[in-house]
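Below you'll find the structure, written out as structure tokens, and then a few comments.
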Amino acid sequence: MAQKKVCLVIGAGAGIGGNVAKKFAAEGYHAVLCRRSDQEGLDKLVNDIEAAGGSASGMLLNAVKDDAIENLVEGVEEKIGPIDTVLFNLGAQIGNRALHVTSHKQFELGWRMATFGLFRLAKSVIPHMLERGHGTILVTSATAAMRGNAGQHSHAAAMGGRRMLCQTLNAEYASKGIHVAHIVVDGAVDAPDTLGKMLGPEMYQKLRETRGMEHDGLLLPEKIAETYYHIAQQHRSVWTHELDLRSFSDVAWWNHELKIG
Amino acid sequence: MAQKKVCLVIGAGAGIGGNVAKKFAAEGYHAVLCRRSDQEGLDKLVNDIEAAGGSASGMLLNAVKDDAIENLVEGVEEKIGPIDTVLFNLGAQIGNRALHVTSHKQFELGWRMATFGLFRLAKSVIPHMLERGHGTILVTSATAAMRGNAGQHSHAAAMGGRRMLCQTLNAEYASKGIHVAHIVVDGAVDAPDTLGKMLGPEMYQKLRETRGMEHDGLLLPEKIAETYYHIAQQHRSVWTHELDLRSFSDVAWWNHELKIG
Amino acid sequence: MAQKKVCLVIGAGAGIGGNVAKKFAAEGYHAVLCRRSDQEGLDKLVNDIEAAGGSASGMLLNAVKDDAIENLVEGVEEKIGPIDTVLFNLGAQIGNRALHVTSHKQFELGWRMATFGLFRLAKSVIPHMLERGHGTILVTSATAAMRGNAGQHSHAAAMGGRRMLCQTLNAEYASKGIHVAHIVVDGAVDAPDTLGKMLGPEMYQKLRETRGMEHDGLLLPEKIAETYYHIAQQHRSVWTHELDLRSFSDVAWWNHELKIG
Amino acid sequence: MAQKKVCLVIGAGAGIGGNVAKKFAAEGYHAVLCRRSDQEGLDKLVNDIEAAGGSASGMLLNAVKDDAIENLVEGVEEKIGPIDTVLFNLGAQIGNRALHVTSHKQFELGWRMATFGLFRLAKSVIPHMLERGHGTILVTSATAAMRGNAGQHSHAAAMGGRRMLCQTLNAEYASKGIHVAHIVVDGAVDAPDTLGKMLGPEMYQKLRETRGMEHDGLLLPEKIAETYYHIAQQHRSVWTHELDLRSFSDVAWWNHELKIG
């Protein structure tokens, strides 16, 4: 049996990460799902993929630990298969916090996860991709990469640095066959493991019922995964480096609502 | 037989326009192809679609003429079917011309085709789309919408105005079900009717052989069409408003090439 | 007596235009003030400058008329003096109007004043500046040049096109000594001739008293003029092409207000 | 004698930092100059300011050390005077380095100096400024904050993060009287302590003679200082948050040179 192409997902909860894994597995990839905690939740994602006839494996990973990302990449390449696509899906959202209650530690952790994590991943995985002459690095980003609002000191600095890093990687490696895509998710995702935990079960359910279900006002992660997959399949003569995703019923980050007559 | 959804293409040469028509027809739409001249070329595009089992019609259209776009939209809606998707694919590229050789007339024509044309289309087609609660407006754009180089006075002013118009339309109509996508084609497209005519047959063939075929350095329009189609199919909870497309071997507009060590 | 350098102001009401004229005159320029109507208001501006010891002249000008801008430039160069600095201060604001109540005529007029007007000015004045090896073109711009909100179809398309035109002019002429600056006024200006007329005397006075006087929430045009003057005096090794101006108490266009804890 | 307002310069070499100190001192501020090394160079800057009748003090500072910035701010506020304006002038430029020769340590140091350093400064100085209801934070930035080229992984990530941080600080504190300005220096500065050391004395002198002296192709730091001073004096109704500075003879980062006819 020919070895399957691997889609490695770093940050695989039940939102974007898990759904991207599911989609790529459904299309014939082997999905490797990594998340920091919740072995049970991870097992469920892997089992669901396998129950649907796909191929997947999972592991817990504390990405900010020394060598964690590096060892992961080497281990997957050696024992599972060639990483064709990797999704870097780690966020650094800590809610809106005024400067005086944003600690040095929080600010550093934001950078360590969201910016430095991608740098370490790139250094680890790109040499393998270069040998094969191709590879795709998908990066889930957020509005805070485009502009910084009050209270987003840690998140915006991490995301803004990461956006520039995506550009430097793209500038250095696109012509060598490595496709880096910076995907700006401009709105709240209907994701139980992140939004759900942030809000608590009751508020989350309420938000889903009001803004979500009726109006599609939350981004549906299984629909997001369709676009991620499309980006990873683009012919090399027509690569997208940056795109935005938002619900039709939401206001784009650059717009303010006005009274119009 | 149920009526097919219509994909109307304004600016349907053998490049992006024709290939988008082909793709949507292959997926079950009726394609309506409009271009300013070359009945023969138009007939060939329509015939090719029909030969492949698709459904299409074509008509010559001078888009800058009074009522031309308006009558086209009404005619299609009445006689052919509901416009589900419209591609506005008119450019205003006149090559790089210094200010002193860019005439008032050229500057105005650029605006009239590329900016005012989209405004007129939006005013004509959006009321129909609003009645149905959905619709997609795809706009082929260019790097000149993002920044103006020397010699691009007419083109950049037209494209930059159009980009803002796409944003105002999106801001006003997204929540009513109308998806406006501004697609920045950042590079030369392998299109015989535009690039081919600009360069002449010999230089075009040479460019195709050197930059194009070996290196995929020209954007292939049938590959571009895949992404256009994907955008038009995005679920309304995850719409893309803006994305870039370029060949992997090309330099992004925001990058300069540097010597690196 | 040596001839004074001329600062030509196209769009000289009692707001930015008139105050820029005043500032340049106070610094030794001869100010030429043009506006579409209100001879009395124009005379008052000229008289105020002269009463303060400055030098100025004024004329009514319908900028969208054929040859109006062209004749103005030639007339000033011939009869008054060399145009060192020109401020293009024509706006195209028509308030927030939904698409269906924005007419073809309004959309075209916006472009004709704000975009085409600058193109015509550039074609007229740049040859004179090139002969002298230097010159400054200041362009008052608005947030709508950066992003389009609902209801701004005409204004944003005109301003977005103009922004790109500023870039093409800068790219073509900076190295020849012509400084083009695109100044994004991101907020309401305390200007009786524009904001005042839009709101009517009562509402305007009320706005000045609440948002303006107490909080400096309206941009004060005599303070804006300080920065315009600074930009025009920058040494050619450190030119600014684009900057924003807004009241400290206002929210930047790229920001949304958030609840922060 | 009334206490002078303090202008604190973090990163005070003989380029932008030293010249900004000189300018503010000439206008009546007490300048505090900090740099990492070269006591002699620092003394010369302070002496020059004093010889010109200004008031200044200097100290060596390793900004990345724990508590260094924090202690500096407290010490100045206690012993010297109220910090009216602070210039954060630390760069993180390490030249163009391919990814595989950019170490984890270099990448982290870039962030620690350029991004985290500003965060620490903001946390230290803003409480003092809030008490007084006003203050100015000037941040020298670079093109790499706007887009990432190949080989700029460390620099661009640090600068891009910092740009977003400037926006979050501005969003949170502008309305409380604190003016944060992000100044994009888009080109090489004629600075012996940075450019000079990077190139070595011979190449630096040669560059000055060819690109610099004849063509003003290097940004002159004493001219840059004029604009920094202007920004710090803007009336609060007309604050600039972001502007670019480049030599008239240079190409803007968003432009590519084209052949035009």
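Each chain carries a letter (A, B, C and D) given by its place in the written order, and its residues are counted from 1.
Keep this in mind: contacts are C-beta pairs under 8 Å (C-beta built on N, C-alpha and C of every residue); 3 or more make two chains touch, one makes a residue touch a chain.
Being a predicted model, the structure only gives us computed values, none of them experimental.
Enquirer: If you walk from chain to touching chain, how few steps can bring you from subunit B to subunit D?
Expert: When the steps are counted carefully, the minimum from subunit B to subunit D is 1.
Enquirer: Please state whether the interface between subunit B and subunit C is built from the same residues or different ones, using more than half shared residue numbers as the mark of same.
Expert: Subunit B and subunit C contact each other through largely matching residue numbers.
Enquirer: Return the distance between the CA-based centres of subunit B and subunit C, expressed in whole Å.
Expert: Using C-alpha averages as centres, the distance is 34 Å.
Enquirer: When the centre of a chain is set as the mean of its C-alpha atoms, what distance in Å lies between subunit C and subunit D?
Expert: Using C-alpha averages as centres, the distance is 31 Å.
Enquirer: By the touch rule stated above, which residues of subunit A touch at least two different other chains?
Expert: Expected reply: 98, 147-152, 167, 171-172, 254-255, 260.
Enquirer: Please name which positions on subunit B make contact with subunit C in the complex.
Expert: Answer in residue numbers: 98-100, 102, 104, 107-108, 111, 115-116, 119-120, 122-123, 126-127, 144-145, 147-153, 156-169, 171-173.
Enquirer: Report the residues of subunit B in contact with subunit A in the complex, numbered from low to high.
Expert: Within the complex, subunit B touches subunit A at residues 167, 170-172, 174-175, 177, 179, 190, 216-220, 223-224, 226-227, 230, 234-249, 251-252, 254-255, 260.
Enquirer: Write out the stretch or stretches of subunit A touching subunit C in their complex.
Expert: 95-98, 101, 146-152, 253-261
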